[in-house]
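Shared between the two complexes below is subunit A, which pairs with subunit B and subunit C, respectively.
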Partner chain A sequence: MSRVASTPLWRILSAGIVAFAVLVLIYLVLPTLVIVPLSFSSDTFLRFPPSGFSLRWYESFADSTDYQLAILNSLKIGVPAALLATVLGVMAALAVVRGSMPFRRTLAALMIAPLVLPQIVLAIGLFPLLAKVGLVGSYPGIVAAHAVVTIPLVFITVSAALRSYAPTFELAAMTLGANPWRTFRHVTLPMIRPGVIVGFIFALTFSFDELILAMFLTSPTTRTVPRLLWEQLNFQMTPIIAAATVVILTVTIGLLCLAVLAGASARRRMAGTARE
Partner chain B sequence: MAGKVAGASAPAPGLAAPRQRAAAWSPAKGGLLLLALPLAMLALFFLLPLLVVLGQSFTAPAGPFDSYVRLAGDSALRNALTYTFQTAAIVTLAALVLSYPVAFLISRAQGRWLVIGMVFVLVPFWTSAVIRSYAWLVLLQRRGVLNEMMLALGLIDRPLRLTNTDIGTHVAMVQIMLPFMILPLLSAMRGIDASVLRAAAILGANPWRQFLHVYLPLSMPGVGAGCVLVFISTLGFYITPALLGGSSQMIAVAIEQQVSRLLDWPLASALATLLLVLTCLLFMLYERLNRRLAGAGEAR
Partner chain C sequence: MNALSASHPHGAAMDRPSSRGARVEFDRVSKDYGELTVLHETSLKIAPGELFALIGPSGSGKSTLLGILAGFVPPTYGAVRIDGTNIVAVPPYRRNIGMVFQNYALFPHISVAENIGFPLKMRGCGKAEIGERVKKALAMVRLEALGERRPAQLSGGQQQRVALARAAVYDPGLLLMDEPLGALDKNLREEMQDEIKRFQRAFGATVLYVTHDQQEAAFLADRLAVMRGGMLEQIGTPRQLYEMPCTHFVASFLGEASLLPVAELLGRDGQEVRVRTAGGLILRALAPSRVSERRAVCLRPENILVGAEARGRDNHFLGVVEEAVFTTGTLRYRIRLPGTDGVLTVRVPSRPGIELLAPGASVDIGWDASMAVTISED
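Now for the complex of A and B:
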């Protein structure tokens, strides 16, 4: 390849591929980057480039009781939903990866299905069901809905973690007399912890971001940040949305950096203990 | 080996022979016990709602199959269906063409370039779709960034209409879907052994033939998985088409409108059932491809 690759034609071609890829990457991040200068605008409507810069939209974002309530709601819904999804997702992954039951492939597909199905279909099925038991607009209703659609995220990350080491570790613990709970607590959990944490953070981020279920199942008093953003988008277009967006983005990326760091440090620790 | 714990989707090492797996962690009984709660949750909040949708679609006042008959007779809804499939095909194809070179380069990158490449892919991936659709609105609207820039450069003398057009909506949707294509491609491409390409080169294949006869076939599982993933996700796309609009409606937007503006639950449910069945079929295809990908990984 090296001889042919050094001919001018192939060199031009590979430079072309690199240039194309760079353009695609710019296209990928451009929308996110455009929001940032807009959030510092001093105009009362969206204009680019802004005629002046100020922090006024951040101030009105901080003063807005609507946003405060929505952020609080997002936390009240996202944290329990992600916790529930984590517990159930870990249980399901353990059963499907380590257990020996029939239809394992079908079960695994079923566990991933809620993530694949368009949320609008689930929403118009859940709405009448929850309305019957009076749970529309309540916290438990939307928490259950978000837990169901985020179980797949935990299931996928924990399954991958379980598949990355041989079950002989657990076999050894059980041969030495540990009961299933102690085996899980002292052998399995330490091994899969990074997968569990990453799954939890993915579930949390997903819930913070989910619009359609929130649109159908929350009320004005339980509405989440995406629903508030959506309602504002359809009414007014002031840079307060941009300011809110930048704050949310910063928090989301911060959370994800934490997830990456948690994974990396666990990997390092594991690698360290393996060497000793 | 312990260092691999956090490595996502690494195939099971040879130690995990099926016989040992059956004996380890939980006796078969414990497995079923563990599965009971997650299954109950899924049955109650996932399968039951889907049955409700199916049941609702037969509750039209004029007769059980009335909503399906109306669906077949309503040209706007029929349009929405074909438009959705058309859009899904266009978005999938565009995403594939744009993603392939990017995934190829990232799969070969190392160190700093690998990190930079992944950041460029993952930051948009984890940016809310509401926020990104809003950003596209800011970019594309009449007095938006793109129009202002082109006016300033003298490329156009009147602002172009970019929102509420197919092209604007597609450009935004492709951007939102790109990471769903790049990530499966990457995982397939990182599994391709570079020595296979060297072997082809030694046997006299030029770079084009190496790509066409060696690299492309080996990356096909990733191409298949990425395409099905993007196609399925685009079928259910709501946020971007609802905000940016286009010449016709996407199914998800049509369902939402039937419910919240027209209060026609039976018709909305019939549409949703259709979407559900189509998504299920495609998901089964995806599962099959995934299995083949996993099989190829184990064979290596």
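Now for the complex of A and C:
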């Protein structure tokens, strides 16, 4: 191994591999970051590169009642949707991982389905259904829709957390006098907490970014930030869009950092845990 | 403490006098998974305060029997009684049984003291009472200083003691131990065996102890049962099982044994029989009445005498040493019998001056009838 690593050919090759990896990273990240200088543009429409820099678009973003309403809507939809997805996702993961019912594999596959299937299919399917019960354009409608597509995210993270330890802890809690609810409350939940938190953050982030369902199921009064951005792109093309996008990007990255931190602190806490 | 816990709904169960263990009875209990029977109809009574061990290879049904008692495994048929009450329909969390798991199952997210206090908290005890009883329990397992640590910061032996304290802090009349020493290395295991024995004597609870380690079981248990293929093969004190095994399986599971197949029963004289072995030797051996077929003679290695001592015994032959090894404390021989019966394993205490015989040497071997026992086939 060490002899191979020291040959000139290998050194050239490995330098090439590193360079390629860096290029891929730039390719992945750069288009996203183009939006950052654009948001500081002094121009009146979206143009790259900008001719000058200013904070005027952040000012108009902050002053815009449209955006204020959209951000509020995104929160009003994202938080309850993520909470609902978390409750249902945790219950589904418990049933599939710890339960003893038949067809658990099939069920696990079905749980992931909303994540894999095209959202447009769900949107088109949900639209007439929600229209029938009069929920199109309402908060409950879009909250339910976002909960459906984000349950798999919680299901996946919580299933992984449950699979990371043997069910002996729950059996032990029961012999010690804890009924099923208290076993969950005092043993299972603390053990899977990081998975639950990460799942919740993923769900919230997803809802915050989601466009297709929002286009079908929200109205001008319940429209979310992505839908507002989409509409503005069609009509005005001012750098306020870039400023708004940077804000969303910052919030999203912040949430994902939180998720990483939650995972890391959990790993530290459980380090040295007796695994079976 | 009595006055305190009397106000709690579960106080009565918790204040069982610790000098008295529970009486356990399995009454024709069995367990099937579909077509597969993992436990055949089994009846077993365990006396109050007894340390009863279940031993057997994996898949022999010992964990199933334990799981049925703990309430994790519902039996297909039969009744399980604790102090006369059938508990089959009682969920595990209301059985008031203590259990120690192989990997301890200490909750990693709470401190050692909180782990030990957990069962008290579940029983609705007050903070002051929990604190006091946890302190006592920590003292009982000599871990007073470590209450604030997380389980992961403790050594294996310490975790084991915490698990013991946690299972005993609420004074259950019955303790279940599922391979409690399986995760420890050999030296620590022997130390913990002493600890468990002391603990059980002091605590007074009935203990059902599952292990695959026959030495551990023999050391700890008042009585033990050897399990095999979902059945209890033999029940008795460790000494009874070692000296009077009924079957080949029990004889070879507990310690070492040489078995000589029996070809013909020649005669009977009270407790003894005369048999001719398949290899043509005429032997005298004990014939316990509970063994119906006499298919082999079982000889423990330390019961076979070598040299001058062997002469004049009920059974006396001239053998040939095939293998001679010194191990700590013993000389271990493989000695070929005359005829075609094969080779006996013999162990002689090694004392200074006793010479190790050389392979190929002819040697007198012998044993009295009371040193050999007839067993049934398997």
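Criterion: the second predicted complex is superposed on the first by the 270 of 276 C-alpha atoms of A that agree within 3 Å, B and C clash if a C-alpha of one lies under 4 Å from a C-alpha of the other, contacts with A are read in each partner's own complex, and residues count from 1 in each chain.
Keep this in mind: a residue touches a chain if its C-beta (ideal position, glycine included) is under 8 Å from a C-beta of that chain, and two chains touch if they have at least 3 such contacts.
Everything quoted here is computed from the prediction, not taken from an experiment.
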{"item": "Overlay on subunit A: subunit C relative to subunit B, clash or fit", "value": "fit"}
{"item": "Touching partner for A:171 - first (subunit B), second (subunit C), both, neither", "value": "both"}
{"item": "Which superposed partner A:152 touches (first subunit B, second subunit C, both, neither)", "value": "neither"}
{"item": "C-alpha centroid angle, subunit C to subunit B via subunit A, nearest 10°", "value": "90"}
{"item": "Which superposed partner A:191 touches (first subunit B, second subunit C, both, neither)", "value": "both"}
{"item": "Partner chain(s) touched by A:78 [first = subunit B, second = subunit C, both, neither]", "value": "neither"}
{"item": "Partner chain in contact with A:248 - subunit B first, subunit C second, else both or neither", "value": "first"}
{"item": "Which of subunit B and subunit C A:256 touches, first, second, both or neither", "value": "first"}
{"item": "Touching partner for A:205 - first (subunit B), second (subunit C), both, neither", "value": "first"}
{"item": "Subunit B or subunit C, by number of subunit A residues touched", "value": "B"}
{"item": "Per-pair minimum CA distance [subunit C against subunit B, superposed on A] in Å", "value": "5"}
{"item": "Contacts on subunit A seen with subunit B and repeated with subunit C across the two complexes", "value": "166, 168, 171, 174, 183, 191, 270-271, 273-274"}
{"item": "Residue numbers on subunit C that touch subunit A, as the complex places them", "value": "10, 70-72, 91-99, 101-110, 118-119, 122-123, 151-153, 159, 166-167, 170, 176, 183"}
{"item": "Subunit A residues within the subunit C interface of the complex", "value": "166, 168-169, 171-179, 182-183, 186-187, 190-191, 269-274, 276"}
{"item": "Subunit A residues touching subunit B - in the complex, by the definition given at the top", "value": "1-2, 4-5, 10, 17-18, 20-21, 24-25, 27-32, 34-35, 38, 46-49, 88-89, 91-92, 94-96, 98-101, 105, 107, 109-111, 113-114, 116-122, 124-126, 128-129, 144-145, 147-148, 151, 157, 160-161, 163-168, 170-171, 174, 180, 183-184, 188, 191-192, 194-195, 198, 205, 208-209, 211-212, 215, 226, 229-230, 233, 241-242, 245, 248-249, 252-253, 256, 263-264, 266-267, 270-271, 273-274"}
{"item": "In the complex with subunit A, residue positions of subunit B that touch it", "value": "1-13, 15-16, 20-26, 28, 30-32, 34-35, 37-39, 41-42, 44-46, 48-53, 56, 98-99, 101-102, 104-105, 117, 120-124, 126-132, 134-139, 141, 143-145, 148, 172, 175, 178-179, 197-198, 201, 206-207, 210, 232, 235-236, 238-239, 243, 252, 255-256, 259, 265, 268-269, 272, 275-276, 279, 283-284, 286-287, 291"}
